[in-house]
Amino acid sequence: MDYIKPTQLVEDVAHTGAYKSTLSIKDILVKGVLSGAFLGFSTTLAYTAATESKLGIIGALVFPVGFVLILLLGLELVTGNFAMLPLARLKGLTSSKNIAYNFFWAFVGNLLGSILYGALFYISATKLGHISESEIIQKIITVAEGKTLLYKELGKDGMIIVITKAILCNWMVTLGAFMAFVSSSTIGKIAAMWLPVFLFFAQGFEHAVVNMFLIPTAMMMGADISFSDWWLWNQIPVTIGNFFGGFVFTGLALHLVYRKKNAHLEKVPTIHQSPLKDQAL
Amino acid sequence: MDYIKPTQLVEDVAHTGAYKSTLSIKDILVKGVLSGAFLGFSTTLAYTAATESKLGIIGALVFPVGFVLILLLGLELVTGNFAMLPLARLKGLTSSKNIAYNFFWAFVGNLLGSILYGALFYISATKLGHISESEIIQKIITVAEGKTLLYKELGKDGMIIVITKAILCNWMVTLGAFMAFVSSSTIGKIAAMWLPVFLFFAQGFEHAVVNMFLIPTAMMMGADISFSDWWLWNQIPVTIGNFFGGFVFTGLALHLVYRKKNAHLEKVPTIHQSPLKDQAL
Amino acid sequence: MDYIKPTQLVEDVAHTGAYKSTLSIKDILVKGVLSGAFLGFSTTLAYTAATESKLGIIGALVFPVGFVLILLLGLELVTGNFAMLPLARLKGLTSSKNIAYNFFWAFVGNLLGSILYGALFYISATKLGHISESEIIQKIITVAEGKTLLYKELGKDGMIIVITKAILCNWMVTLGAFMAFVSSSTIGKIAAMWLPVFLFFAQGFEHAVVNMFLIPTAMMMGADISFSDWWLWNQIPVTIGNFFGGFVFTGLALHLVYRKKNAHLEKVPTIHQSPLKDQAL
Amino acid sequence: MDYIKPTQLVEDVAHTGAYKSTLSIKDILVKGVLSGAFLGFSTTLAYTAATESKLGIIGALVFPVGFVLILLLGLELVTGNFAMLPLARLKGLTSSKNIAYNFFWAFVGNLLGSILYGALFYISATKLGHISESEIIQKIITVAEGKTLLYKELGKDGMIIVITKAILCNWMVTLGAFMAFVSSSTIGKIAAMWLPVFLFFAQGFEHAVVNMFLIPTAMMMGADISFSDWWLWNQIPVTIGNFFGGFVFTGLALHLVYRKKNAHLEKVPTIHQSPLKDQAL
Amino acid sequence: MDYIKPTQLVEDVAHTGAYKSTLSIKDILVKGVLSGAFLGFSTTLAYTAATESKLGIIGALVFPVGFVLILLLGLELVTGNFAMLPLARLKGLTSSKNIAYNFFWAFVGNLLGSILYGALFYISATKLGHISESEIIQKIITVAEGKTLLYKELGKDGMIIVITKAILCNWMVTLGAFMAFVSSSTIGKIAAMWLPVFLFFAQGFEHAVVNMFLIPTAMMMGADISFSDWWLWNQIPVTIGNFFGGFVFTGLALHLVYRKKNAHLEKVPTIHQSPLKDQAL
């Protein structure tokens, strides 16, 4: 049936990672913009649910919607890629250069998509600036300030905390990305992916792409956050922590235990028309 | 198993879009009437849930019922078609004229179905006018006024806001329509479609077909909305925004990244007995 | 996979409808008794849920339990048959006489089953008359009076309202019956059937078989409803409205748009050992 | 796909019933002990959920957990067998003697398992007698007293009421057991079984095996119930009502309408190595 | 379809147990670390849900997330192994020495993973010690003290209680591990596994691996628990109870009733490249 065993799952993820590393800039950018926007949509959905119900857990329960859309449509999410592409590298299926290339453009795409959605949502939520107070606006500002100013205040300790929360976050997010491969059935993929993403969001860990939407949108809405607050105290350390958590605890760990013993080393693909072409998910 | 990969999904959607563009007027009208009514049923269900629980998110959670019925039965929903048919055109599978023809009759069908349900619901909810106050009546009137008078009040800014909310809405609705193709299993289709439709409704974005039921029904119930308020400040700008959002962010975006490289250009079908006949979904 | 496309679905429903019209009286009666009782079970479940949670929507969410059991076991529910059998007739697969025969005995069976459950539930809920007040007893009496006396009070307008609510109801119930055919997988059938039945119950529309349990049970429990109140102001008009809604908006509408163009007209079956025998669902 | 049509379902249940009637005493006892304990686990889960949430319906919603485990693992539950084995007898697949043999040992096994869990739960909930008051202890005592003393107080009427509630209960429980055969897919089985079991528990009907845990555990915890109260006013009449409800309304009723016309009468199996061996479910 | 009958299920579990007993130390350790961490993630998720909603049952409902990830990825959880490996031994598929070897390293891995997550979570929840009071910190400390000091206080009785609660716990957890084999479909596995794990957590039974995270983390956070409190009054007796409950009530019980009569005794595998290699789940 549709369940995919772990050894095969790790193999499939690695090949998809290799394939992703060969996409054209245009493909990565468009797919990255959609992913960034979808996580933005999900974040405002989650905050709507949380503020209405006064229960953060309800917000977390619905947050995975956007993540599931990204994976089902085979789009580019830089945080998910943090485990998938290095895994392909560990298996000799791609080069470090190809990985860096994907990371860069996926990051840019995610950033553009997040800001695009942020701008459209700003228009909708503030009625083009006519409204400056509402539950959802307040929520976005409060959360964004907590994700920047709080760490800044604690100095070096704040840096350790934000990186730790980013590690914990992407351990789960990359697991969610891997879970998309645990079934060849749509309902199985959705259910399995939902779990770790719900888990990370419920506990307020730090996710680079969510923050690409959250912090600049809060800034548009009047949060007291400077550009350097955003990048120095959140975006950069979170990206580093996300990479470390995803690579070490998911990509590397599963590679260590699910290596196919006699797997022949395949060549590193360098062009788009690879035989991997259709393995977007 | 039942999961359909993105490249195939985009192909399937395009062929269904092409097929839809060849339906007879009668077929589009009947299918459009059912779709309009089903979204009306869903809207009153959602408002019943929301007013009883005092939680809009619960209303949004159940709203997709009608959308799912529409897609499972292969009916005509003009907003979903805003992404599917242009995609068929981008692939050279239909003509712009055929698209305009479908859009026109699907719009008319949706409008008739929405008003039909609106009239029947009016009889039921107001007890043929014997009751003028109830939670659900109040909810419908309040929402409908917020969807028209509020934008009118803000003038040009209101126009920007309503179009933005319509773009955001149909980005998700068309994604919902595409998600119906992500699985060949019924449960997979239902689960996948549910997500983006739940997402848009929870956040109060603007959907042309929902409003075809909501605003005229509110008018019957005594809302202070004129015919021109309805069309100038909601129906027309929302339809434009819905088209833009669905076409650009779903149809075009996915076309750009999931083009089959060597796909042979098929001829534009012009009659009903096309080989596409059975691809209603 | 398990999803059944609309054209095939309509074909399958029609053949099942034809098969149902050839069942023996004993089969229809036993299957009808079970269906009537199952809807009774569901109604008291729904009212238990609603009174405990103070939320009608929760009651509606669990109501479809009995409906699902009926469809999965291929039993006879006269309201569902109101769309399925006429569809078979439209396709020339059965005769009007056979339909009337099924409607009559399914109605009788449903009525007997509803009253059987009503009597057993009366013993359980009132402790054989030792208790006359409880939340569930009060709920049943209040609802039943609202479904009869209220319409009577409004005279001719009441008649229009009750028929309208019956039309809206069975539009959805018959859609639920059709949804049982949208998948060849049990989970797909359950999920798809659940939706429209949940939708109708949440909004308090009028369903003939539910009322066959509700009103006489309320009468046993002491509701101020006469036999003629039950039949003149509810059972008869609701049955008429249910037939109209199910036949026109589901059976006929879907027949119009999903006719197989070259389908050969099959003969009307008149005996039980038809080749359709096993198509109970 | 995985949906099993009613005629086949009834055939499968009958063969499983016949197989069950040939199990060794050891097999029935071990399987019966597990079933008894699993329903005990479920009952305390349900009461935990109900007391925490103050909503009995939430307790009922989670109660089927244990029932599902029993059916998925093909264990012996005497109440479920009340419909399955007589059905096998009606089809000439087993003898009345074999049925009585299974009923006896399954009853004993269920009783032992229920009391085993009851004793372990007593240790856990009362901290080996150090605690005598808590929400869950109070709940168990109150419910158990309501299930015995209340009927005793009403005398002959109490006997009619308890038997009626037992009939209603096992009508649904046996339907749940049959629903385990409505799909060859695990998720389909789980979903279908859940429904009728949830339905009976929500309404407080009387189930012999649940009571085998509930009443003696309440007695250990200090409920004012004598051994004869337990057996005369609950265990015996409930067992009788459960048998009647399960046999007549599920086993017999479905046999009447889903008899295979030309089915050849198979011989009654009398030993364990029957070809039915693997049809535990 | 995907449902696996009990006889085959027991066979599959036994072979997986045999395979697990041949894993290298490195594989067991890495897999054990991931499992320990995943249960830690789940525990803090559950406590977040429970403290926000004030309902322990909601926490229990989401707790199985981590357990499902462990089983879907074929990782090593010593408590689950307590039933699976002895079952393999009963069938002569492995040796007691191999089992002890697996138990030892899986225990160590689970402990290391639990403490790793505990340390990272400590940094996140206490902001590196800057915060010492919050709902989640308080919850962890209270629960951990209840799981150690309370038993200590009751002396010998406390020892009986903690072992009883550990037996009840792992009866269900091992059943959850077995349920992962009841389907070859991902959604079937997830649903079936969820049930018994939800059941045990809701009732506060004692699970060795959860406690490996909970107690040392509470100690870091300032709970008044000594190292010997942790091990003497919880970790050691709970491990013993977990072993007994899992082995006797799940492994042995199901072995007794689902032995394949003529199964040929296979040799005990002693190296890693066994033909069982890919049966991680």
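Every chain is named by a letter (A, B, C, D and E) in the order it is written, and numbering of its residues begins at 1.
One rule holds for everything that comes next: a contact is a pair of C-beta atoms (placed from the backbone, for glycine too) under 8 Å apart; a residue touches a chain by one contact, two chains touch by 3 or more.
A quick map from chain label to UniProt name: A, B, C, D, E = Formate/nitrite transporter.
Values in this document were obtained by computation on a predicted structure and should not be read as measured data.
Peer 1: I want to confirm something about chain A and chain E. Since they are copies of the same sequence, is their interface symmetric in residue numbering (over half shared, so same) or not (under half, so different)?
Peer 2: different
Peer 1: How many angstrom lie between the CA centroids of chain C and chain D, rounded to a whole number?
Peer 2: So the centroids are 29 Å from each other.
Peer 1: State, to the nearest whole Å, the distance from the C-alpha centre of chain A to the C-alpha centre of chain D.
Peer 2: Comparing mean C-alpha positions, chain D is 47 Å from chain A.
Peer 1: Residues touching two or more other chains, restricted to chain D: which are they?
Peer 2: In chain D, residues 1-2, 183, 185, 187, 189 touch at least two other chains, as defined above.
Peer 1: Testing understanding: with touching defined as stated, what is the shape of the graph linking the protein chains, line, ring, star, complete or other?
Peer 2: ring
Peer 1: For chain E, which residues are in contact with chain D within the complex?
Peer 2: Interface residues on chain E, with respect to chain D: 1-7, 9, 55-57, 154, 157, 160-161, 164-165, 167-168, 171-172, 175, 179, 182-183, 185, 187-189, 191-192, 195-196, 198-199, 202-203, 205, 249, 253-254, 256-257, 261.
Peer 1: In the complex formed with chain D, which residues of chain C make contact?
Peer 2: 1-2, 26-27, 30-31, 33-34, 37, 41-42, 44-45, 48-49, 52-53, 58, 62, 65-66, 68-69, 72-74, 120-121, 123-124, 127-128, 130, 183-190, 273, 278-281
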